[in-house]
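Both complexes shown next keep subunit A, but they swap its partner, so subunit B is in the first and subunit C is in the second.
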Partner chain A sequence: MRKHKESSHLLPFILGGVVLYFLSGMVDELRVYQGASIAVYVVAIASIILLTGYSGQVSLGHGALMAIGAYAAAVFRIEFNLPIVLCFVVAVLVAAIGGALLGAAAARLSGPYLAGTTLALAISLPSLANEFAVLGGEQGLLFDVGSAPLSLGKEFTQYKWFFWIAALAALTSMWLLQNILRSRYGRNWRASRGNEVAAQLAGINTARSKILAFTISAGIAGLAGALLSMTIGTVSPSAFPLNLSFSLLTGAVLSGLSTLSGAMIGAVVLVAIPEIAEVVAERIGSSENITTNLPGLLVSALLVLTVLFVPNGPVEQHHARKAKKAAKKKELNILTKPSMEGNT
Partner chain B sequence: MIQLLNTLLIGITSGGICALMAISMVLVWRSTRVINFAQSGMALLSTYFGYEAIVNLKSFWIALPVAMIGGALFAAFIEVVFMRLLVKHSSSGPIASVAPIIATLGLLGIIRAIVSMIWGGQDVRIVGPLSNDGFTIGGETLVFSPLKLLILISVIVLMLLLSILFQKTNLGLSLRAAAYAPEIARLSGIKVDLVRTLGWALAGAAGAVAGMFQTINANGYLSPYSIEFSILLVSGFIAAVIGGLESLVGAVIGGLVLGVSVSFILMYVSSSLGFIAPFIILLIVLFIRPQGIIGAKAARRA
Partner chain C sequence: MKAMNRRKLISVSAVLAVASLAATAVPAQAAEVGVSSSVIKLGMTLPMTGAASLGYNKIPGAAKAYFDYLNANGGVNGRSIKLIVKDDRYVPTEAVAKTNELILKDKVMALLAPLGTANNRAVASAVNPAKRGVPVLFLNTGFSGFADLKKYPTHYMVLPSYIMEAKIMGKYIAENFAGKKIGLLYQDDDFGTDALAGFKTAGVNFTVKVAYASGSQGAAAAAGWITKFKAAEADVVILFGVSSATSAMLGVAAQLKYAPQWMLGSVGGDATTIKLTGVPAGVLYNAVGFSSVPATTDMKDEYIKLFSDIYAKAVPGSAFDLNVLLGMNTAFMTAQALKAAGTNPTRKSLMAAIDSKGATFANSALVPLGYSATSHVGLTGYWVGKYSPTGDLSPVGGTYVTYTTDSGAGPVVKSTYVRPAMPAKGLPN
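Entry: the complex of A and B
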């Protein structure tokens, strides 16, 4: 019974893939590239939603974990000439190992301590690239996934190929995460987030469950990192700045930290904001200083406004409001029709 | 021997700056139970205030108090307008525990974007009041310079003033009381909200000094996305954690420990570990003594 229920969730993802396939044939190159970026952000944001929304741990260092995945993929591609699929698998595994180590430290920390520690990681880790020759220093490494196989047709452009790889990865990881979150592990995470002591009393090893969350989240982040560097074409320390970690967190908050399916919203917003900012800046005809900094301002302002006024994300907020209304209605019914009470 | 002295003095100077930043984080933590990741943005803005003052008034010694007052007013403004809203709106739901962290990060982004809108992305330069060329002792030139000596003395003076404020005045007493037990402090007639705002203002002033000194201690160049301020934020946080996050004395000790050990690692292990060394020190501290040098047990679970 349960097996059946889980596999039925595969259907929407396949349908989504089919819709995307036709969509990518209809729009121009720029939109296809943006579609690829959205898919990359979906993967990255999903990894944060899993960690922060479900397991209740904050990470400001997911940019660093993405860098680990990207470097792992690029190094294996260059040194061993692995097929591209295996490169992504390597990215997931290496980042997951990094995440497990970080998670072991993180399980001892809470809230602000964890945030500060991961922040320190985000600042310090990319500089390691300058320490080892194999990582290519400041200018980084090339990461070339090759062009699309000829069987897909001549008009199948490079960007479309990027989009396809990224979209496939996004759909797969969303499906995987969805199932993990519905499983025993997902339940354990939510339980430890809600009340750690109660979860421990119920027999959950909260430390182990937190480390597991960190490991899986890091693996997904590593995948996102490899995908990101695929769309850029290179892996370098400057591709993973502190701001990347921050905007991912923003995306996750905009999505609603505890709704995995909301990752889409955050990703679209992150990709759309620079365009919106451009339009706004053109409209008000402002100086260059304002134009270049408007996207950053909008992202941060959105982040703050969301935390202040829709702290649990638009989707969750909607559900909560509906539930509240329903509860009120019920209450009203009970008050006005006391005679009905006996029947129900 | 000269080299040892050199390393020690450089470490103490940068440690002193870290300690100021740590003090401002501890002050905010004690008054609102929030780690303020926007502290580096506030320090950045105050340093730009200082820069404007230097450009217009041509004196570092006027610019420093201008930056401090500007930083204090801005921090108070943030506390009144922003933090009170945050406490009111985001104290329930699944993200209640992470909301303040995310909100202060968003604030950091806003401040940096606005600063670069006003002053542009290019570097501006703040010149310190004294030369940053090292002292010469017996034919050998130290890295330790008159400017660094001045920074060191100013940091010590500021810390003495702060400790007098906290230990000897009524204001300090109410600050300590409001941090220790807000409800009881309120019952004994302390205006806790006002005191909280004052705590933020003090933190803003301390952060402003840290920002000014960090800038002239490095090379004087200032830009909105300068890595110096990210480092300042992280090292201030690490120093505060080493000191246990609750205690001002701890913050000072934490800053000095961090500054001196980083300085020694850079000198005797490898000069390219500048970014990674503080992180490793943080991990070591968290594993060996998670409650900090002075902090009480179980403070980590706050």
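Entry: the complex of A and C
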């Protein structure tokens, strides 16, 4: 990327990786697996935040883009026996192509029309797999990333391997997105989101900018899809239900749509809620009805509360409060200077 | 501002990572995972909510009804059985996540009757119960592939395979519908592939075959299927699909007054479930059906009588249907397997018990079980029946005539199997 000092910020991500590396050695297998799921959701939610929060386009169909990536990775793994790293690269590229096509249509649509189009995609696309024998129909395809290299030791579990791959992918894509968002493209997206006419007057090709946002977001979603399939070992239409697209959007709203760094919050919530629900259900009686319906209820309640009280997400809210405090301080500083006109 | 954002990202990430991955101490292990001095824990995943849950969501209640009855009568060698149920909404991702919880958090001894071919494949591939030595007892799917001992060494089937069912249907067709034009509706996946393989072995020639993709079945699709069967002038139409496909087909056929000779596969052939969707019972009249267990209305059958009595007490007001019967039957077989596994059962001794004694387990089915040291095949056949004007399946001629076969090229033969008598009070002995 660009050379100057502001842009790369690699160090924090490396530090994050080191922390996760040590953590993965300290916790039990279930937590490691959940950690891998969180990493997958972080990637998926980040792709939505990029699209919706920064470029201002709504997508209800990210599950479909994830499916594209997952199928691409699995097909290349099975048909050409590609190394696993290349499978993930293929997932990104193929999903990005899909995203570019969708983005071209999306650039002409906005608001509810775009939501409707992407929704239709989420419903219809995964079941297309039933039409082509190479995609394995309803049963889907196996997607086996293989076990960890022997050099990591015999005690190294499959889930730890999943976690390492997913965490590395999450850190890499977050780092990349962070830098893209700080680049000219990121600024263009924010400008077009804020006021499209003003952005056009400033010389930004808003249509092209939107398509680019869709392409990159789709590529990241494709990566998330391939990672998701890795954690369940298979790719099938039923792994990408409409519900997945909705959950991810919920996760993105909980994270705060305009802060990439919040993606972690939504991801943790999506993984933790079912467990919390279970504990609660056990406390208040073990009716199956309660256990099965409580997670949905909790997520919905959390969504409503978020929209009501922290519409921009907890991270943004925190920043806003800090900024307000800082502004007040500044104001006070200024006030103490005699030249300022007095108010209040 | 930007620098602060970054720092925030790191700290938020770190805090949440620590929180989410918070270590839980691994307790000192007893003799076997999931077996304490007083309780044996088993786990089940299946769709409890969502479109696919229709009918199936009664299975846990049915299994628990039997286990509660068993526990109230002393349990298995003094241990009570606790069944932990998780809803996977018929989504592979969730099936894997929930199975992980069952094995790693709840630490169950064995998985019981996990449902669905795609879900079981995903779980086998990602969770790999075989590698962990976890028994997967009595799968709720008839896909013949799960009997492959090399691929699935710890899986035990219980339902007859779809291949067996198609072969037995083929024999019935040859004997009763020779020269007629036969049509087939099947699901476009392993379920259907199994069926086609069985029909091919049986030498059935179809005038028309209609495939549907799982999830696509509905009234609109059914109207399209009927057009194809009508155009081919099929005399007999076999519905080899899930309940929702069968129900959609019969419902639309009733409206369009399309009435060929119907033949229903066992998967989608439960009359209670079909009638629940609003299909008039009369449509089912005279359709040919297949089952391995007695009719659920047959109160002269000692198993049906006892199971329905236990269920009526445990879940008052809920109809005793095929899903309930199969759920209780599975629980009953599990109890016998645990009993046979010795006073201190382990995962290994449990599987060894099924390998050596499983074929003789008492259960309601009218066909033999195929368990042995070299086979994890469950039930191996069906009886043929016809639906009454009220939509209940009962045997042709009033007595159950059962046929048995395998998933390969073996012949379909009339079974001489004599079902073990129900042990006293329905408890394992």
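Note that in this section the second predicted complex is superposed on the first by the 317 of 344 C-alpha atoms of A that agree within 3 Å, B and C clash if a C-alpha of one lies under 4 Å from a C-alpha of the other, contacts with A are read in each partner's own complex, and residues count from 1 in each chain.
Everything below uses one rule, namely that contacts are C-beta pairs under 8 Å (C-beta built on N, C-alpha and C of every residue); 3 or more make two chains touch, one makes a residue touch a chain.
All values derive from a computational prediction rather than experimental measurement.
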First, second, both or neither for A:F88, with subunit B first and subunit C second: neither
Which superposed partner A:Y33 touches (first subunit B, second subunit C, both, neither): second
Touching partner for A:N293 - first (subunit B), second (subunit C), both, neither: both
Which superposed partner A:S124 touches (first subunit B, second subunit C, both, neither): first
Partner, of subunit C and subunit B, that touches more residues belonging to subunit A: C
First (subunit B), second (subunit C), both or neither touched by A:W189: neither
Which of subunit B and subunit C A:L228 touches, first, second, both or neither: second
Subunit B versus subunit C as contact partner of A:F214, first or second or both or neither: neither
Subunit B versus subunit C as contact partner of A:L242, first or second or both or neither: first
A:W161 touches, of subunit B and subunit C: first, second, both or neither? neither
Touching both subunit B and subunit C, residues of subunit A: 127, 130-131, 243, 292-293
Subunit B partner contacts - residues on subunit A that touch it in the complex: 52-53, 56, 58, 60, 105, 108-113, 115-117, 119-121, 123-125, 127-128, 130-131, 193, 242-243, 246, 249-250, 253, 257-258, 289-290, 292-294, 296-297, 299-301, 303-304, 307-309, 311-312, 316
Parts of subunit A lying in touch with subunit C, wherever the complex brings them together: 6, 9, 12, 15-16, 19-20, 23-24, 26-35, 37-38, 127, 130-131, 137-140, 142, 144, 158, 174, 178, 182, 228, 231-234, 236-239, 241, 243-244, 259-262, 264-265, 268, 271-272, 274-275, 288, 291-293, 315, 318-319, 322-323
Contacting residues of subunit B [partner subunit A, same complex]: 29, 34-35, 37, 82, 85-86, 89-90, 93-103, 105-110, 112-114, 116-118, 120-121, 230-231, 233-234, 237-238, 241, 272, 274-276, 278-279, 282-283, 286-287, 290, 300-302
Footprint of subunit A on subunit C - complex, ascending: 1-2, 4-10, 12-14, 16-24, 26, 48-49, 60-61, 85, 87, 89-93, 96-97, 100-101, 104-105, 117-118, 121-122, 125-126, 128, 187-190, 213-216
